[in-house]
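In what follows, subunit A forms one complex with subunit B and a second complex with subunit C.
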Partner chain A sequence: MIIILPVLIPLLTAICGLLVQKSSIGRRWFFGFSAWVQFGLAIYLVREAWVSGTQGLYLGGWEAPIGITLVLDMLSALMVGMATLMTLACTIYGFYEQKVEDKHPLRLPLIQLLLVGMNLSILTGDLFNLFVAFEVMLLASYALITLEADDWDVRQAFPYVAINIFGSAFFLIGCGFTYGLFGSLNFADIALQSEQMLADGEGSPYQVELLAMLMVFVFAIKAGAFPLYYWLPNSYPILPPALAGLFSGMLTKVGVYVLIRWLGTVMPHDLDFIYNVLVWVGIASMFFAVLGAVSRNFIRGILSFHIPSQIGFMLLAIGFFTPYAFAAGIFFLLHNIMAKGSLFLCGGVVTFLCGSDDLKKTGNLWVASPLLGVVFFVQAMSLAGLPPFSGFWGKYMIIREGIALGEYVLVGFALAASVLTLFSMLKIWLASFWTENPDVKPRVDDKRWRKMTYAVGGIAIVSLFMGLGAQLFVELSMMASEHVLDRVGYAESILTGREFR
Partner chain B sequence: MQSTDSPIFKSVAVVMFFIVNLFALYLLFRGHNMPGGGFIAGVATSVAVILLSFGMGLEAAQKILRSDPIRIATWGFLIATLSGVLPMFFGLPYLTTFNYKAYELPVIGDFYIGTPLSFDIGVYMVVVGVITKVIFVIAESTSQEHRLVRIAESGYCARSEEPIEEDPLRKSEEVPIHPDK
Partner chain C sequence: MILLTAILVGVLFAQSTYLILQRSFVRILFGIILLANAANLAVLAMSGDPSGKGVPIADGRTELSADPLPQALILTAIVIGFGVAAYFIALLYRTFLDWKTTDAGELFAKSTTDDSNSES
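Let's turn to the complex of A and B:
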């Protein structure tokens, strides 16, 4: 019963926001309150998953595999938690970014609809419902990306829309293929039947492999993996900072989440070819994207190029395909959502203070605001992977697993990419905070930037907690990876009343 | 859009408006177990409204809807969502349906009704609202209805977007594109 609420509450909030379109303080209070409620609910869901493990909700009372099933396990609970946390922070940040009367009336409802799409695609246990959830998410993001855009921005947003429509078409083809192959779209049912099919020798294993590859291709587009990340560094910098934080934090990571779910829970565990492809795609995206980041000279551009680079680490972890590597990947995923989102928000504060985020036109910020400097430093070093911040533990776990598997070449590439990440983060740090630039006078008299910094600081505190108290989060990630990889357990808890081998 | 000069088209449009809407209602009510339903009924109704706007002019068609089409769509969205929420108060999963059946009533015969109908009505309103809104915006823009275009732009356009059409009056008039800016 409670599993539907992360979808339903944002939906009702968005509808109320559409009915009352005039921007006002009361409307802001309403949206802020709703975001807090959702965050509290997500924490409760994590506890629920901790206590009672995988559980399903049959919408409309139609038992699986006939109806649509929503599934809660540790991984989906953690992801819902992150989605609501980022939405909360970005909503509050957005309140101070613009004055009440400047705000576009549709922005807040669209953020909530985006959250509906994200939460539904995280919670759903049905392939076609996943497609619908992706479409809800993407439509809201198309609207948000062009909501406050000018001509140039719309041109930059076009590749984003085009590549996602392309990806959605392939997704739909994949859905049809799945239904033709298994006669079902329910994740648990597909998991059982694909196993059965391979065991009975009916149907060729190549069909399953082709299907898995097709869907991996689709999800890799959504996640922004190596050959297909062109749209990402061009379209994300045009977003206003509050939205950029949410997009960069969550949207691509939902693609990674679905990839973990698809390969871990739904498909058979012997698709070695795909895992090898994923590993090399991961290496390529972490390396080429970070080179792009090094070449850029404005904060949002650097940070946008880092998104595919970090996605590469997650793909590497998925490609190793051991329970420990999955836990490492999930930990890194959680860390990266917060680090990346809050770095974008920090970049927004820098833009607010200096009037631009071109590295040549910023400076003096350490004197103007040590607090912002500390928040940025913590998150930047966390992204680069220095101890004791959370990024270190994520990378440490991934690389330890790589060494245990004897993949020294891959580990070498990953470490080199980390060094380049550190370099580009230091570039921002030195240019914006550490240098004295006589041409720049930070606009400190407008007090709104302080509140924006507090909103980012909130995420930074959670992120620091994740780094310093890594034990708890590592345990949660281990549990999540157990839940994801336990295909029979997943099927048992969803398809009640069937016999299992 | 200016209303057409042809009296034949005008009178046919008015008659067709009622016939098509009647058919739409038929589709809406039979939708639960047979082909039909909220979506297709909504498309039929929006076609009827658009036909009327061709015949009688845009203002007449907007007067029939009585409010901004997007507002209709939003209310429909709310109705559809709430009809799914209703069973949650009885401890049942979201979207569970309640049905009422009565057999051999006088005049109407067998009679079924249930919460899928209210969901369908919600979908119907969403579809009518969205389709008519899209068509109205395009029609307003191509037929030099500057006042309506400006109202639409203030609600739904990006702040710095180029105007959809060239409007020679815009610079001379005092009305801003975004009244709330």
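Let's turn to the complex of A and C:
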């Protein structure tokens, strides 16, 4: 019963918010309170997954594989935790970004609807339900991306919408393909049947491989992997900072999560060709995107190009396809959600203080606000992967696994991309915080920036804790990777009352 | 019948690919709507021979009913596609009102490298 709550609570909150559209302090309190409740619930879910492992919820009492099933395991619990954490921080940050009276009344309900879509796509155990959840999430994101855009920006939304509808069409074809091949859309059932099919020698393994490849293509579009990331660095900068934090933190990572679930739990574990493709796609996206980041000279542009670059590391970890590499990828995924989201929010505070995020028009910020400087520095170094921050442990685990597998070329590329990441982060740090720029007078009189910084600081503290107390999070990631890769265990806990080998 | 549907899906895909590769946003819109329809038909074609799959609730009386699941999937997908297409048309209209053109070349002719700094 409790598994449906991360979907139900934001949905009810969004409906209440749509009924009362007038912006007021009370309405803000309501949304803030709801976000806190959801975060608390997500932490409880992580504990639940820790104690009792994989468990399912059959909606409407229809047992799997007939009805829709929601599944809670360690990975989905952690992802729900991250989604609610980012929503909480971005909601609170958004309160101070704008005054009550000039805030768009639809923004808060739409953020909650976005969270409905994200939580449902994380928790679902059914392929078609996943498609619907993706559509809920994407429709909310289409609305949010154009909600506060001016006429200069609105043209950038068109490619974003077009590429996502294109991806959705292929997702639908993949659903039909799956149903035709296995006669079922339930993840656990597909996992069992694909195993059975290969064992019996019925059906060609190429069909399974083709299906897996089609879905990988779809999820790679959603995640923004090379060569399909060009829509991302152009469309994310048009978002207001509070939303950009949420989008860059969570939205693309849901694509990575689904990719982990698809290849780890649903598909057979011998698709070596796909793993090789993923590794090289990962290398290409981390490398080409980071070069784009180096070439940009405004903060949101640099950070947007870093999204596909970091996605590349996760794809590399998935492509290695060992339990340890999966754990590394999951750890890196969790780290990156927080680091990326909070850097966008920091960029928003810089824009608020200096009036622009063009690197030439910023400066003096270390003197004006050391607190913001510390938060930005911690997260930027974490993103670049310097010890003792969380990004270091994630990259260390991925690269250690790469060396253990003897993939020295890949490791070399990954390290080079990391150096370029560090370079572009230092570019922001030097231009905005370290330089004395006589033309810039940071607007420190408006006290709202302080509260915005506290909201970012909250994420930074969790992120710092993840770096300094890495043991706990590594254990959680190990457990998540065990849950994901244990296909028989997954099927056993979902498909009750069936015979297993 | 499945073969005919498959050929139709192929033709629709070819047309929508051609339309999506055009410069005009209106044609891209048409191409995408066509692609959604092609995908719906593809689900029908790929779900295989419907006979003998039956309804999960009608115990023992499955011979008269076709497999309802692909149809349910397509119905859901049509509704979702309808909503997305409505949003997409509204977005295109807004872009047209702002820019007085729907040609991708003219729309992005101005420098895109530093345009995100233009606001505030």
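We adopt the following convention: the second predicted complex is superposed on the first by the 501 of 501 C-alpha atoms of A that agree within 3 Å, B and C clash if a C-alpha of one lies under 4 Å from a C-alpha of the other, contacts with A are read in each partner's own complex, and residues count from 1 in each chain.
Just so it is clear, contacts are C-beta pairs under 8 Å (C-beta built on N, C-alpha and C of every residue); 3 or more make two chains touch, one makes a residue touch a chain.
As the structure is a prediction and not an experimental result, all values here were calculated from the model.
Asker: Should subunit B and subunit C be called a clash or a fit once both complexes are overlaid on subunit A?
Answerer: Subunit B and subunit C fit side by side in the superposed model.
Asker: Of the two partner chains, subunit B (first) and subunit C (second), which one does A:L422 touch, if any: first, second, both, or neither?
Answerer: In the superposition, A:L422 contacts neither subunit B nor subunit C.
Asker: Which holds for A:G301: it touches subunit B only (first), subunit C only (second), both, or neither?
Answerer: Second partner only, subunit C.
Asker: Who does A:L11 touch here: subunit B (first), subunit C (second), both, or neither?
Answerer: first
Asker: So, A:G355: does it touch subunit B (first), subunit C (second), both, or neither?
Answerer: second
Asker: Return the chain, subunit B or subunit C, that is in touch with more residues of subunit A.
Answerer: C
Asker: Contact-wise, after the overlay, does A:L405 reach subunit B, subunit C, both or neither (first, second, both, neither)?
Answerer: Neither partner.
Asker: With the two structures laid over each other on chain A, which partner does A:T146 touch: subunit B (first), subunit C (second), both, or neither?
Answerer: Once the two structures are laid over each other on A, A:T146 reaches both partners.
Asker: Is A:L214 contacted by the first partner subunit B, the second partner subunit C, both or neither?
Answerer: Neither subunit B nor subunit C is touched by A:L214.
Asker: Name the contact category of A:V37: first (subunit B only), second (subunit C only), both, or neither.
Answerer: Neither subunit B nor subunit C is touched by A:V37.
Asker: Subunit B and subunit C, closest CA-CA distance after overlay, in Å?
Answerer: Across the overlay, subunit B reaches subunit C at a minimum of 5 Å between C-alpha atoms.
Asker: Taking the stated contact definition, name every residue in subunit A that is touched by subunit B in one complex and by subunit C in the other, in rising order.
Answerer: 146, 150-151, 154
Asker: Using the touch definition up top, name the residues of subunit B that touch subunit A in the complex.
Answerer: For subunit B paired with subunit A, touching residues are 70-71, 74-75, 77-78, 81, 85, 88, 91-97, 155-156, 158-162, 180-181.
Asker: Using the touch definition up top, name the residues of subunit C that touch subunit A in the complex.
Answerer: My answer: residues 20, 25, 28, 32, 35-36, 38-40, 42-48, 53, 56, 69-70, 73, 76-77, 80, 83-84, 87-88, 91-92, 94-95, 98-99, 107-108, 112, 114-120.
Asker: Please give the residue numbers of subunit A that touch subunit B in the complex, ascending.
Answerer: On the subunit A side, the touching residues are 1, 4, 8, 11-12, 15, 18-19, 21-23, 57-61, 101-102, 104-106, 146-151, 154.
Asker: Can you check the complex and tell me which residues of subunit A touch subunit C?
Answerer: Going by the criterion above, the answer is residues 66, 128, 131-132, 135, 139, 142-143, 146, 150-155, 157-158, 161-162, 165-166, 168-170, 172-173, 175-177, 179-180, 183, 185, 234, 237-238, 297-298, 300-301, 351, 355-358.
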